[in-house]
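What follows is a structure written as structure tokens; I'll ask about it next.
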Amino acid sequence: MTASDVLFVVFGVIAAGCALYGVLTRFLLRSIVALGAFLTAVAGEFYLLAADFVAMVQIFVYVGGIVVLMLFALMLSTSGERQPLAGSDRRGFSSLLAYALGGMLVWASIGAKLPAVPGGLPSSVPYLGRALLGEQLFAFEFLGVILLAAVVAALSLVRSERL
Amino acid sequence: MGGLLLAIPLVPLAVFVVLLVGGAYLRLTGAAGPRGVAGAAGAAASPGAVAAEPSATGGQVAVVDQRVVALRAAAGWLSVAGVAAALAFGVVALVAFRGGAEVALSATWFRVGSLEVPFSLRMDGLQGLMVIVVGGVSVLVHLFSVGYMHGDRDVVLYFAELSLFSAAMLLLVLADDFFVLYMAWELVGASSYLLISHYFERPAAAAAGKKAFLTTRIGDVGLLLGIFALVRITGSLDFQTVFAHATEPGLPGAWRVAVPLLIFMGAVGKSAQLPLHVWLPDAMEGPTPVSALIHAATMVAAGVYLVARTYPIFVPAPEALTVVGWIGALTALTAATVGLTQRDIKKVLAYSTISQLGFMVTALGAGVPAAAMFQLFTHAWFKALLFLAAGSVIHATGRQVVDELGGLRRRMPITAVTFAAGALALAGIPPFAGFWSKEEILGALAGGHPVFLGMLLVATFFTAFYIFRLLFVVFLGPEVEAEGDVAAGAPVRESGPVMWVPLVVLALAALGMGFWGAGFLGYPLQKSLGLDAGQAPVAGPWWVTVVAVTLGLAGIVLAWLAYARRPARAGAAAETVAERPGRVRPGRPAFDARLEDSLGWTYRLVDHAYYVDALYTRFLVAPFVGMARFLARTVDAGLIDGIVNGVAWLVTGAGGGVRRLQTGQVRDYVAAVTVGVIVVAALVIGALG
Amino acid sequence: MSTLLTLGEGFLLGVVAFSLVGVITTVFVLLERKVSARIQMRVGPMRTGPHGLLQTVADIVKLLMKEDVRPEYADPVAFRLGPMLTAVPAVLSFVVIPFGAPLVMRDLDVGVVYFLAVPGMTVVGLLLAGWASYDNYSFLGGLRASAQFISYEIPRTLAVVTVVMLAGSLNTVDLLKAQQTVPYILLLPLSFVIYMITTMAEVNRVPFDIPEAESELVAGYHTEYSGFRWSLFFMAEYGALYAAAAFATLLFLGGGNGPVLPAVVWFVGKSLVVVFLFMWVRWTLPRFRADQLMRLAWKVFLPASLVNLVLAALVMMAVGR
Amino acid sequence: MTPVLILSGILFAIGVFGVLTRRNAITMLVSVEIMMNAANLNMVAFSRLYHPELMTGQVLAIFGIGIAASEAAVGLALILTIYRRYGSTDVDRADLLKG
């Protein structure tokens, strides 16, 4: 058991625990904070999977951006309301579905015949840079277009009725 | 060098974009000029709205948005600068050509299947000359517009459109393949439409724009079909390849004649030849500088240029050339006669333009494209001059009907003199430019086309008569007081330098441009088209020159006798008006009324431009509208709607049953999706392992 | 065995970083008071220790012994999380600062992105603290702070991108190597200016201290805090301040590069100059209004940084680097 | 690599459970983000396994993060609109199928 294995387990437990807590808690704020912790733990997993740039992007965009955005939405929409929400309902049916789906995924993962992990690359950043501005340039540019569209859409949704 | 070539149309295009975006931005940010304000009823009371109308600033100091004023002031000069830069690039490229180099730019734009669509520009002698004509006239007209359109509500939009036109026209003359050519062809059409309809609140202007667009479209369809045929046959869009194929081995079967005729259809539409000429007189609804630039000097000449440029396709088809010649000659003659009777000075000039274009087309049909191009070249200058001078008159007086104009030579001396120069050039009096080019055409016709020669000689006589009729009535004689003059207060006076400088420059051009001679044009044209030198224009017999000049002078003298000797105007005598309503109007030149009396129905036929418009309305438009009505009321309402409603009824019935599944609850949908995913995933996993 | 060693090393580094931030805060609070005193022609704290050198130590002892007050209606979880989430990113930032070529805790390949990303987590802490206090001043302070942070993060990142483009690496040690001859402040002066000003906004210092403007919001998001939690906010503020200064040194001033003296001395010296610059500005300029602040970010700094980016790219293309 | 895949499977199931059981729009968004992260985790894992030098999986993960950002922006805008209209972020109340 190497250090990264230990860390993998630690991060995995944190991620799963936070995800579960975030889904189950009746306090909206705690749910969002749990999401933040979950995302950070997943970023840790990314780092362990030799995707350090993706890990940083995850923290940059998710924790620094999306979680903050959610907190904003929470505070702007329910700033006066601090009562716990209605908890989860339809638990039986939903957990059946979730167990079925998750069980199937886990079963498929265990059964999958995966190749051995190849030797590590020196650093992912140069390869990623070349991929983003080379082979995957279209995806990269397209992402920019999507983000722009999202910004426009969000603005037009929330602007007040007067033009 | 290729980049330089590309820069020529790009500079005005950039100006277009800047003005369009700038204008739109100001409009969106609420700092709009009067148009945006006029739309918003509530804003009418705001002081900024009133003050933004420069002509309405009666000493009213109000909060004017500085950006609007700045943009309105800068728009004109910006587009002048853009066209001037394009002209400068053109001159540089032309100088490079004179140094022996042929400037060309060619790249593959995109591919469709096996067809490679090129983007190629070329500049040798022919295109260089066209760039000079288009750029030169364009600069002067832009400059003139700065004065003429001053205070117009949509001046930014106007200059944006004018810049777009200049860019498109430059692209058109530089095009070296059919794709770019057609693209530019449609672009000039579109900008022409926009500019004709510039005063779009006037129903007449809106209708004229629509008419121009639809009428030229008929021709454009022909051109497009011609291009399709060429691509199908030769597999290429490139000029050189297509021409080579058309010459050797030639187009197969009936295509030999059909393709040139189809291409000529485009020219007929754009150059307002019979029978598609009806849009051009109506196009005079646009601002006068637009008429000068687009509907006299450049765009309408594009049809002639098109035929000249694709002449190698016409050469193997003498039958097609005969058709071209006949259409040109008929147009030249009939349009010249219609010009005799028109009362609106711009209408006279419009028919004159049609007639002159007929001269060019006749020359094309007679196998002397060099002469046609020469006529195009000289005509661009002096017809732009005539239009701009007319614009100067309209700008100063606010009137454009001859009945209400007269004796302006004292008030507007520069306009009068320059108009006279243009008229002399149009009448073909030596040494003005029109003489040289007209002589070239007539001389060539003398060598084997006696019928055309006769028709054009008659047209020459009429031309001289109608243009001098205009000159004498408008500028000589006593001043005509029209109602409203006193109310307007301001006396009629010469326009500012920004307007008369272009007039003077154009007058000098109308005087001097003919001395280049057709040889100047012939050589590069032949080279450009790859024709052999044997078809170079030859000097005509001496008697043609004598007859033509004599006819021109006769026209002038007769016009003098009819309109200037006795400055006779129809009075508002009660009895004549009562007897013959419509024929005798106050201020109408007396000779016109006498002519109408003596000629009767012939006069009215000519006056109504041979009732072509009425014929179209009755035999084309009316049946079309009737058919549309039948389709709309019977077929659409009965059959189509029946089917649609039946389908809708079915769907409604089916939907009523399925509706219960649609709960509107997001989570129900998610649950459904999840179940679906599980099923599909189970199937996939089962299939794989 | 090596597993335990690696994990232990990481734990140790965390302790070191945290202590470092504590020491830095202690020193900087005193420095700030002394600098402000000099600017305002005062002498500052003089009683505790020689020239008042022990003043902040005494303050810290006082803070640690104070009662931990929590407002009755405060959200208990968020109230505790807020200060922690604010302080931890500041501590984490120290991980990638190369004090000298070997003196860097973790030489990440994505050090620059790390430095840009990690402080972003601060916002979560600020929002939580402001919201949990159940107090309008705190709430507004928290909202303002995060809005400001997010707004200024964009031009700041774009300014850093020019440096990355020039150096061709995201690695902090590579950045140092790239600046061995010429520090980037000479090549990218505009980026430096944008970075400095936006950084002032990010660490909430005058003239950008709207979130804690005492004349409007008492003390902003930490109004309701006291004792150790309150001192965590101070640690966060000064830790972030030093981290930002250290990165200014690294990105633009050539880091530890310098003649004769060891790299550490150069690095700390340069970064202290930057810190002094921040303090100087703070005690000299008045503060902006909230709307001016946002307008400045979106209408001045965002376009300016974009133009700067394009310009830098064009120049680099032209020069051929 | 198998543990990573198992972890991602578990996380995905948790996300699905959240979406199915919670009525609050923001919590649903949280659950969706959990699902997206599970997917990203898989992509990064496979990027490590197959052709790590091509970085396809990591690029896809970055793409996914970007998409998540736009989704969150639009989603939160929608939530604010719903809140303005219904005075609550409970999605069960927003069940009218017309505006």
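Note that the chains take the letters A, B, C and D in the order they are written out, and that residue 1 is the start of every chain.
The rule is short, and it goes like this: a contact is a pair of C-beta atoms (placed from the backbone, for glycine too) under 8 Å apart; a residue touches a chain by one contact, two chains touch by 3 or more.
Here the structure is a predicted model, which is why all the values come from computation and not from measurement.
**Student:** Between A-D and A-B, which chain pair shares more contacting C-beta pairs?
**Tutor:** A-D
**Student:** Report the inter-centroid distance (CA atoms only) between subunit A and subunit D in whole Å.
**Tutor:** That pair's centroid distance is 7 Å.
**Student:** When the C-alpha atoms of subunit B and subunit D are each averaged to a single point, how far apart are the two points in Å?
**Tutor:** Centre-to-centre distance between subunit B and subunit D: 58 Å.
**Student:** Distance between subunit B and subunit C based on Cα centroids, please, to the nearest Å.
**Tutor:** Subunit B and subunit C have C-alpha centres separated by 66 Å.
**Student:** Please output the residue numbers of subunit B that touch at least 2 other chains, ranges allowed.
**Tutor:** 667, 671, 674
**Student:** Using the touch rule from the top of the page, what residues of subunit A touch 2 or more other chains?
**Tutor:** Residues 53, 57, 65, 72, 90, 93-94, 97, 101, 108, 124 of subunit A each touch two or more of the other chains.
**Student:** Any two chains that touch count here, so list every such pair.
**Tutor:** Contacting pairs: A-B, A-C, A-D, B-D.
**Student:** Please output the residues of subunit C touching subunit A within their complex, sorted ascending.
**Tutor:** Listed in rising order, the residues are 2-3, 6-7, 75, 77-78, 81, 108-110, 113-114, 116-118, 120-121, 123-124, 127-128, 131, 134, 139, 143, 146, 150, 153, 169-171.
**Student:** Within their complex, state which residues of subunit D touch subunit B.
**Tutor:** 16, 19-20, 23, 28, 91-92, 94-97
**Student:** Hey, which residues of subunit A end up touching subunit D in the complex?
**Tutor:** Result: residues 8, 12, 15-16, 19-20, 22-23, 28, 31-32, 34-35, 38-39, 42, 45-46, 49-51, 53-54, 57-58, 61-62, 65-66, 69-70, 72-74, 76-78, 85-86, 88-91, 93-95, 97-99, 101-103, 105-106, 108-110, 112, 114-115, 117-118, 121, 124, 127-128, 130-132, 135-136, 139-140, 143, 146-147, 149-151, 153-155, 157-158 of subunit A touch subunit D.
**Student:** Which residues of subunit D touch subunit A once you look at their complex with the stated criterion?
**Tutor:** Contact set of subunit D toward subunit A: 1-18, 20-24, 26-27, 29-31, 33-34, 37, 40-41, 44-45, 47-50, 52-56, 58-63, 65-74, 76-81, 83, 89-90.
**Student:** Given the complex with subunit D, which residues does subunit B contribute to the contact?
**Tutor:** Against subunit D, subunit B makes touches at 662-667, 670-671, 674.
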